[in-house]
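Take a look at these structures.
Common to both upcoming complexes is chain A, partnered first by chain B, then by chain C.
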Partner chain A sequence: MMGCECRGGFFALRDCDQPVATSCGTCGRGVCSRHLSPASGFTQCLDCWAQGHGDEQQKVADDGSVPAVDRSVADDAAYDDDWAYGYRHGFYRSGYAPIYFGSHSSRYYDTYDTRSFDDDYGDESGFSEGDGGFGDS
Partner chain B sequence: MKKTLAALNALTPEQKAVLQEKRLEGSYTPQAMLALLRPVSEFDRLSDKSRVGIGCWSAVFFVLAVVCLIVTANGVIPWLLGAPLILGLLGAFLFFLVTVIRLSKVDLSNNFRQIALPFVAILREDMEKGEPMQMKLDLTAPTAKTKKTGESDAYALGVYYKVVDHFYRDAWFEGSAWLADGSSVSWAIVEDITESMRTKRNARGKHKTKSKYRKICHLAVDVTLPHKEYSVGAAEPSIDAKVKVKPAEKRTTLRLKRKVKIKSNEPWDVRALIELVAEAFRRAKPAAPAGGAA
Partner chain C sequence: MTTLLRSPESLYAAYDRFPTQKGASTHIARFAPALFRHAGGGLLYVLGDSSMPQRQLEENVEIVRFRREIPNFLERAIAFQSALSRIVDAARGSLRIAHFRDPWSGPPLVTANRSWAAVYEVNALPSIELPNAFPSVAPRTLAKIRAVELHCLEACDAVVTPSRTTASMLERLGVNRAKITVIPNGADPVPSQPRPVDAPERYILYFGAMQRWQGVDTLLRAFARLTDLDELRLVVCGSARSRDARRLESLASKLGLSDRVVWQYELHDRELRPWLANAELSVAPLRECARNVEQGCAPLKIVESLAAGVPVVASNLPPVREIVTDGIEGRLVVPDRPADLARAIRVLLHSPQRREEMSIAARRRVEESLTWDHALAALTALYERLDSLPHQRGRIALRPEISIEGARA
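Right, the complex of A and B next:
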């Protein structure tokens, strides 16, 4: 049986693969207990909760720019998993493309411009977007 | 005030020790550190919010005590009624005064809850559960006497006939951590603060002094990426940062530095530090598997 389908990490993403506790009420993915959002009453995964609320934490304009004063660091933030995943969602939306080390082929994270190793990647010469070595996961 | 005092009383002896010593140094898992410091942070937030109010109430009770004394002394209220009233008001004044002094003594630098805690919470996501991080955190005020490095001679500036600049150096946060992918991150933050005490004479001839602040924050981050997982190449920085790349046999170290300038003594945005670490990962790409295409 497949493990938790969420991805952990911030600067680089990796598969969780912990035993599934339940499925997310929004995306239907199998989720472990650690990746269930307490703020949603444990009905959503942290990613779905972050996508629903992350932009409230971190105001990102349509052009991807983030205002000078980052609203995500509210003075009363608990800095728990809900906060961290909300911040991660906002940070990725503002243009950061994390590297993904994993094997899940889920399309859930397609909105994040992740970089991962691709089998046909053999050109060491460049780092530009669209390089064969940087497949969108 | 009730909430603030309840939050203070709810702290464990270890958390109260952090408040008293205003320093934290050692090896902690991010989970343990957040669990230790979250209640301290909440108390500090409540304390910051309530101190002004408590100070105002203290002043109100003192003024009322004086008014009551005058009224009683003039025979408007009999001493039998006035004396206990005055004593009660003075008691309330003293209680509020002592409370505000007590809370001020355990006030922590806001850098702690607006930069250090969110940064640890983000770094935790990239660490293996139970993996400790090294941490040195100074929670004393950025303009504490021990951090003063000097002051300028008095000079005049516009309407201010006397300006004296006080200089402080606050090296308040450094640490290192191993991440789940085998990388390591170390960071050091030093802030150079200038407190400009400016005195002028207003239209009514009164001398007024106010403080203005400017701060240059030096952020330095080292990210060491293992060749097994990453290959590192040259790239234009996406943020205003200096980047040095030091390749070695098994790992490449990226040394990143940036300055954040602000015209206040308030904490800067933690995003500046997160972006600096992210800048190292932007330059990395996943290494080809052993025996693979690369």
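Right, the complex of A and C next:
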């Protein structure tokens, strides 16, 4: 069984890999119970919820800076994952690229493997138009 | 846990968009229903796009499409495999047989503790083909992909391949010959077709994909040597208007062939058939490259041309010789030589009698051994043999000198 495909951390990311509880209704990734968004009614992963609502949590100024967010003591009393992932999403939009040594959801392939596939494909291949494309023709 | 609409008895997985007008799609459309018929139902897991439904239920077959758009090829393949793992978890209780086409689908289906038979259909190996698409892919990455391929080849119960050339390549990789079944691609005989209304008076045809290994540039250069045949046109029916196709259109323009080449794209099978059946010749100018010569291939375009009674002029390569005998169903020429290709086309165009004889021989060749019925009968016989194996799957190991760990170095 594959582990949860979400990533924890802020400045540097790590794979979660906890047992999968369900699939995210938006991105389809396998998600553990901790990475399901309570605010979405546990139908989305925290990343997808953050992408849909993160901007409400963390505004990015026109100059790209991220203003401080006023959080009350009461807010901090209960750790709020939805808020935290929304804040992270907004922070990354300011231009910060987190450090990450894993691959999308694989412990076998790493970023060194995947980056040579960053080029747009389809030019000289049977891999065009979004196909996996191993032709038998 | 992924929830399925029904408990599948079988599973056919392919990292290919389905359906499309490509050869891979034709293959899936034939093989997957044969699996589902044999097992009494099943699940088809393929790639899709936003224009296709993510879930479909058609009687006893559920279709699940992986539709997430991930620009990076490898990342997408990994995510595809991850989603398949969850499907396999959900299907574990009912699954009796699984059939997969690539190393992206294979690992979740060849797990050691499975209770189903696993068939690996090898049309091509990404460790060989990917450098054509991604020239900068690192040897270390290719070695990792090769290791997964070897793992799937070792852990599966049977290997199916459409070409003896590919079977030989797999044996060289260490696969036990007894595990390999060669099932050639098929085609159904094509009855005579009405001439397309916009068809040129006289034309030769190329149809299929446009990757460099197909050698369409050689065909264009050959056709540039036939411009003295005023009425002759080249019709190119591409499976997709890819950048490869635009590159070839540009080449045709540079060769002064703009008004002599007719380009068509993504024709449905029923639209392509009249173009094929009324062509003077069909051309398969495959390049002499590792992909075609060492790995092997099974060009559906050649089999489909023969089924339509259209003589073929093709490159003289081992996988082509499995289908066409030089001088019987068509002509085989030295690959990558435009002059030789042009000469063979010219000679056949000047000999209607010869073409007629080849047309009859071509149809006979397909009817005797290359129909889809032949292919599916062989596939079903393989499934039946696997049914008789014990549920606890045993591995037929690779030859001892082949080291999967070594490939990971």
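What we mean here is this: the second predicted complex is superposed on the first by the 83 of 137 C-alpha atoms of A that agree within 3 Å, B and C clash if a C-alpha of one lies under 4 Å from a C-alpha of the other, contacts with A are read in each partner's own complex, and residues count from 1 in each chain.
Keep in mind that, in the parts below, a contact is a pair of C-beta atoms (placed from the backbone, for glycine too) under 8 Å apart; a residue touches a chain by one contact, two chains touch by 3 or more.
None of the values given here were measured: they were computed from a predicted structure.
In the superposition on chain A, contact of A:88 is made with chain B only, not with chain C. In the superposed model, A:52 makes contact with neither chain B nor chain C. After overlaying the two complexes on the shared chain, residue contacts for A:79 are found with chain B alone; chain C is out of touch. Of the two partner chains placed around the shared chain by superposition, chain C is the only one that A:108 touches, whereas chain B remains out of contact.
Of the two partner chains, neither chain B nor chain C is touched by A:25. When the two complexes are overlaid on their common chain A, residue A:8 makes contact with chain B while staying clear of chain C.
Residues 116-117, 119-122, 124, 126-127, 133-134 of chain A are contacted both by chain B in one complex and by chain C in the other.
Only residues 1-2, 14-17, 20, 22-24, 27, 47, 49, 66, 68-75, 77-80, 82-83, 85-86, 89, 101-102, 104, 123-124, 126, 129, 132-138, 140-141, 144, 148, 162, 185, 208-209, 211-212, 239-240, 242-244, 297-301 of chain C touch chain A when the two sit together in their complex. The touching residues of chain A, counted against chain C in their complex, run 1-2, 5, 20-23, 27-30, 103-106, 108-109, 112-114, 116-137. Contact residues on chain A toward chain B in their complex (touch as defined above): 8-12, 14, 66, 68-70, 72-73, 75-80, 83-84, 87-88, 91, 95-99, 101, 115-117, 119-122, 124, 126-127, 133-134. Considering their complex, residues 34, 38, 42, 45, 113-114, 117-118, 120-126, 179-181, 183, 229-231, 233-235, 238, 269-271, 274, 277-278, 281-289, 292-294 of chain B touch chain A.
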